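The structure that follows is given in the form of structure tokens.
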Amino acid sequence: MEISTIQSLLERLFPVCRSITGNGVRRTLEILREIVDFNITEIPSGTTCFDWKVPDEWNITDAYLEDEEGNRYADFKFNNLHVVSYSEPVNKWLEFKELEPHLHSLPEMPEAIPYRTSYYKRDWGFCLTHRSLAEIDRSKRFHAVIESDLKPGSMTYGDIVLSGKSDQEYLISTYCCHPSMGNDNLSGVVLWAALLHEIQSLDLYHSYRFVIIPETIGAICYLSEHSEAMKKISGCLLPSNVAGPGRLGYKKTFIGDHTIDRIVEQTFLENGIEPVIYPFDILGSDERQYSSPGFRIPTGTICKDKYYEFQQYHTSLDNLEFANAGQLYETLQIYLGTIHNLEMNRNYLSRNPNGEPMLGKRGLYKSIGGSLVQPAHLGNKSHRDFKYKITTQKLTAGSDLDAMRWLLFYADGSKSLLDIAELINLPMSQLFGAARTLEEHGLIEEIQTGE
Amino acid sequence: MEISTIQSLLERLFPVCRSITGNGVRRTLEILREIVDFNITEIPSGTTCFDWKVPDEWNITDAYLEDEEGNRYADFKFNNLHVVSYSEPVNKWLEFKELEPHLHSLPEMPEAIPYRTSYYKRDWGFCLTHRSLAEIDRSKRFHAVIESDLKPGSMTYGDIVLSGKSDQEYLISTYCCHPSMGNDNLSGVVLWAALLHEIQSLDLYHSYRFVIIPETIGAICYLSEHSEAMKKISGCLLPSNVAGPGRLGYKKTFIGDHTIDRIVEQTFLENGIEPVIYPFDILGSDERQYSSPGFRIPTGTICKDKYYEFQQYHTSLDNLEFANAGQLYETLQIYLGTIHNLEMNRNYLSRNPNGEPMLGKRGLYKSIGGSLVQPAHLGNKSHRDFKYKITTQKLTAGSDLDAMRWLLFYADGSKSLLDIAELINLPMSQLFGAARTLEEHGLIEEIQTGE
Amino acid sequence: MEISTIQSLLERLFPVCRSITGNGVRRTLEILREIVDFNITEIPSGTTCFDWKVPDEWNITDAYLEDEEGNRYADFKFNNLHVVSYSEPVNKWLEFKELEPHLHSLPEMPEAIPYRTSYYKRDWGFCLTHRSLAEIDRSKRFHAVIESDLKPGSMTYGDIVLSGKSDQEYLISTYCCHPSMGNDNLSGVVLWAALLHEIQSLDLYHSYRFVIIPETIGAICYLSEHSEAMKKISGCLLPSNVAGPGRLGYKKTFIGDHTIDRIVEQTFLENGIEPVIYPFDILGSDERQYSSPGFRIPTGTICKDKYYEFQQYHTSLDNLEFANAGQLYETLQIYLGTIHNLEMNRNYLSRNPNGEPMLGKRGLYKSIGGSLVQPAHLGNKSHRDFKYKITTQKLTAGSDLDAMRWLLFYADGSKSLLDIAELINLPMSQLFGAARTLEEHGLIEEIQTGE
């Protein structure tokens, strides 16, 4: 996907007022469906999902806080963060002391409107800059107006499964419940769609389940509705906060050295990038649900900049000046490279396990022996299954003859291509190219490992 | 137990002439029984214990070595170290060259009387300062008098089992066979009694077997007499050399990272103390017997200063100026903290394993979301089962909400509270408090793991 | 074996023109059989060995390249490296441009004749110094003469099994197919024979299979001909490049911490030598065959200097000035020490597993207790099974009493003598001596572990 397409998606989606239910999510998914296919599902309010219930649906048309002279301190139409998400309707004149418990600001960031929610307790409130709050004449009376609607409806999510040949299915999940903030998590929403767009038409080896849901309640409902399928998921990537100006990072799965972790780290290595590594932490996103004891799906997040790690997090300053398409594109390459590497991560069995097979008679070995340097002219076969461009591999490729020898040596079915790449420090794509050559000569065969 | 009580025990017990059998041990146990309850058992001389036999009982009333002019070089009544323990009776006038093989001194520590024994070979001897030995006029004749008694009797030990709810039993064992030396091991004897005193009346989770025995032969006999019970012991703490002026230390079990080792190290960490760590060594005390191939009880020793590590070891300079109650008290806190942590080391199973349970509807979560800092007001529930004071936790407590979330995340029964504490770097007492809260809300349940 | 005997073997064997088949190998094995016994086997050309076939036999009597004036640029009788090994017969007058594709030289080493082969493609060629090549007047015509013979015959190898008591068999394999080069691999050939000579008449514990073969095709045929026996091999040492002037080194097995690796590293440690450690690499010698998926024999090589690591490798400069008997002798000591340690690597079971056995009643413990230093007077029993001299142990021996206590402690059958030596940092020979003493007193017994 072009950077300009990404930027235009960011700009169209940014103003939409999303929450965990309501038309904001519907509108967001509708825009994404202009470029990628996936299914939309509505879960009625009141549906029980394990320990939770889908709440009433929330919609909002307008909201403002003004004084007797018509000075506005918060205005939904100017910035949807001005209203506490899930505020019940209100239309009242109040003294400042009655109003005060309903106001939220950030003294340490006086120019920022904070992001606040009250999903499961009926309440209402306004978020305003601390500068505005400080300027209020507390002797005045104030008109609090929130034209919202909280009643039984449904919660909306999107999903699609791209089916591959292997018995492994990976989950790509993001959350679409945050209002106008760029990095958290409009960036994740757009990257999710771009990733789906890039691989949707490929002939895939593994299966990939793309899920886009409201955070927490959405993930819990999705697990509840697809319980059997989700217990079989091999691993998950969870795009979130992917378009900031800082360093690329990786938040590990709860296992820490799962295939997901290793393949992401291999991808960074092959691209010559050293990411900031974050250990698993229970303070996070839907990995909390996916990795819970009943499911234990190892879930990793490639990010830029990670939530909690940038000052603008959960405020109006996390906008499209902070997050942009060029930055998102960099992160997208790592997600694509990771999936590319996952696709190539196969196990092989030698058909000539006793001693080395004779490469010379198959034209895979030079005829004059004794010299030190081996020729390297197998060409680059590894990209033929993949149509997208990945950045230049920074992990230097070695001789293809060596790659073939190592593959033959380890081809007892117990080691994946990733295992071998880590052991001998070669890019997976070179090993995959060598594997293809060996397969064509009948020297190895791919096996399913059931991992 | 108050420091003054400890000091007074040390002073009363110091002069008693203990050996592996005899009235010294009996008198020692009798004094301890003034403050704690335990059983006394007598094993007759000649009883076979695996490869060993209980020796004849040894008692002594007086002993001295003097020359023709009545100059005394060794005098039992002045210091019981002057006589080689288990010396047979003697009353002879001797030339110096006949006497010399029976004299023991330490040239490198001329003011110290060494500690020597001859339990299993009939012999006699005097231990004297090297200064005294050097002053002897070797042309004189000498009167060697040892009024001892070596005949069939019995060997004495004490024990008691405090029964808890779990299926795990821990051993707390010390040795009471050393005569007047303070750190080795009157300090261990007194700490053993103080520890028993502190936990004797508590409602305990695990069972604790307190054993006080003569070193080596006592431990072997105890294993022989309680063979079946001892094969079921989960681990052992062996107080020994616990009241020196140096740094607190820990001698590891032969496994090195057994629960015993990890819980002791966690306790030191929580108290902000970095102990000297000693690897397991076959040169030691009764861990040699308890950890032998037939029993393999992992045995650790918290010490201050460890045997072999101080110059005064096994001499008359290991006295109550070297070892004192204040120092013993510091070590006692680590033993108590270790048992406290052992008590809290439980495994939990989530009753809501699918996704996170909803904490909000149970009042365990704030209603306004989106902000960074979580409130921490669960209070401190962890100490309610324990009446003694432990030193301030130096491992800083985190938010109780996080503690609950981590517990819920790991609550698949496979991880103990210690495992979780190590993983997330929180004090066990905070996790235990959080576990209690979650149990009260029916969110987790304790399970037996049979470890 | 004396250094002078080694030197005389090197000098007699150096001029022989070896290849993968032919009289050079036969003559080499014949000379070795003057000092050691082993069997000779001939495998007919055309025999199928897994994916390979034994090639026609190659013999050569003369070869030279000269110009019209009789100037010689390559002369087999001066140095057999001048001819590409397995060159087909030729006798032609050629223009330089016809000759050029058949010439091999090393521009970066102008004084060296390179070593080249063309085993499996019919071809011919001369190897000459780059200086000679540069001096050639390319306008002349040249007479290329190779008096060789390529026809069905057989491939020759040698082997012998020395049978021991245990159920473990180790392989000692080297390759004898290289013409006149000293370190690679005449040194390995001579060390192989010297090692066999040293242990051939000993009363061995393990079995040792000594194999001397042409590289690659020889190893593959040997595996094919002795498939069942080779699947039972416990490990392999592969002497190769053992007489250079550089540091001793060790190339690890593909497992990396196999018993073979650990015992070699223990041997270096006991000798106070820190070797250069090389990880396993598929670029190597017959470990590629022995460790292939069908056999997986862990194979290590103690070397000095390793192939690829010295500039003279695979050239005429790898001669007997580079490699010599004194240097080979140093490496031989490490091979002997390694086998010595392998021989002692046994597992023991205590006959008194409950508590410590009483050493005193068996005269293994001093009678006066309490002092710090233990006597060490068991003598050195460990060498009695071995007649050869090994270098002074640099890993300092401890007290024999401690060695006995540790052995008794670990004597549950699960730990080998090597495991114990590593754990407590004592030389294996001291532990073995202590084990013998304990066995004589009926305290432990040796067990087979089936490893």
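Worth a mention:
Going by the order they are written in, the chains are A, B and C; count residues from 1 in each one.
Convention: contacts are C-beta pairs under 8 Å (C-beta built on N, C-alpha and C of every residue); 3 or more make two chains touch, one makes a residue touch a chain.
Please read all numbers here as calculations on a predicted model, not as lab measurements.
Chain-to-chain contact here is organised exhaustively, every possible pair of chains being in touch.
The angle of the rotation carrying chain A onto chain B, fitted on C-alpha atoms and rounded to the nearest 5, is 120°. Of all residue numbers used at the contact between chain B and chain C, under half are used by both chains, marking a mostly different-residue interface. Rounded to whole angstrom, the centroid-to-centroid distance between chain B and chain C, based on C-alpha atoms, equals 54 Å. For chain B, the set of residues that touch two or more other chains is empty.
Within the complex, the chain A residues that touch chain B are 49-52, 84-85, 104, 114-121, 123, 125, 216, 219-220, 223-224, 227, 254, 282-283, 288-289, 291-296, 308, 313-314.
Within the complex formed with chain C, the residues of chain A that make contact are 350, 352-358, 360-361, 367-372, 402, 405-406, 408-412.
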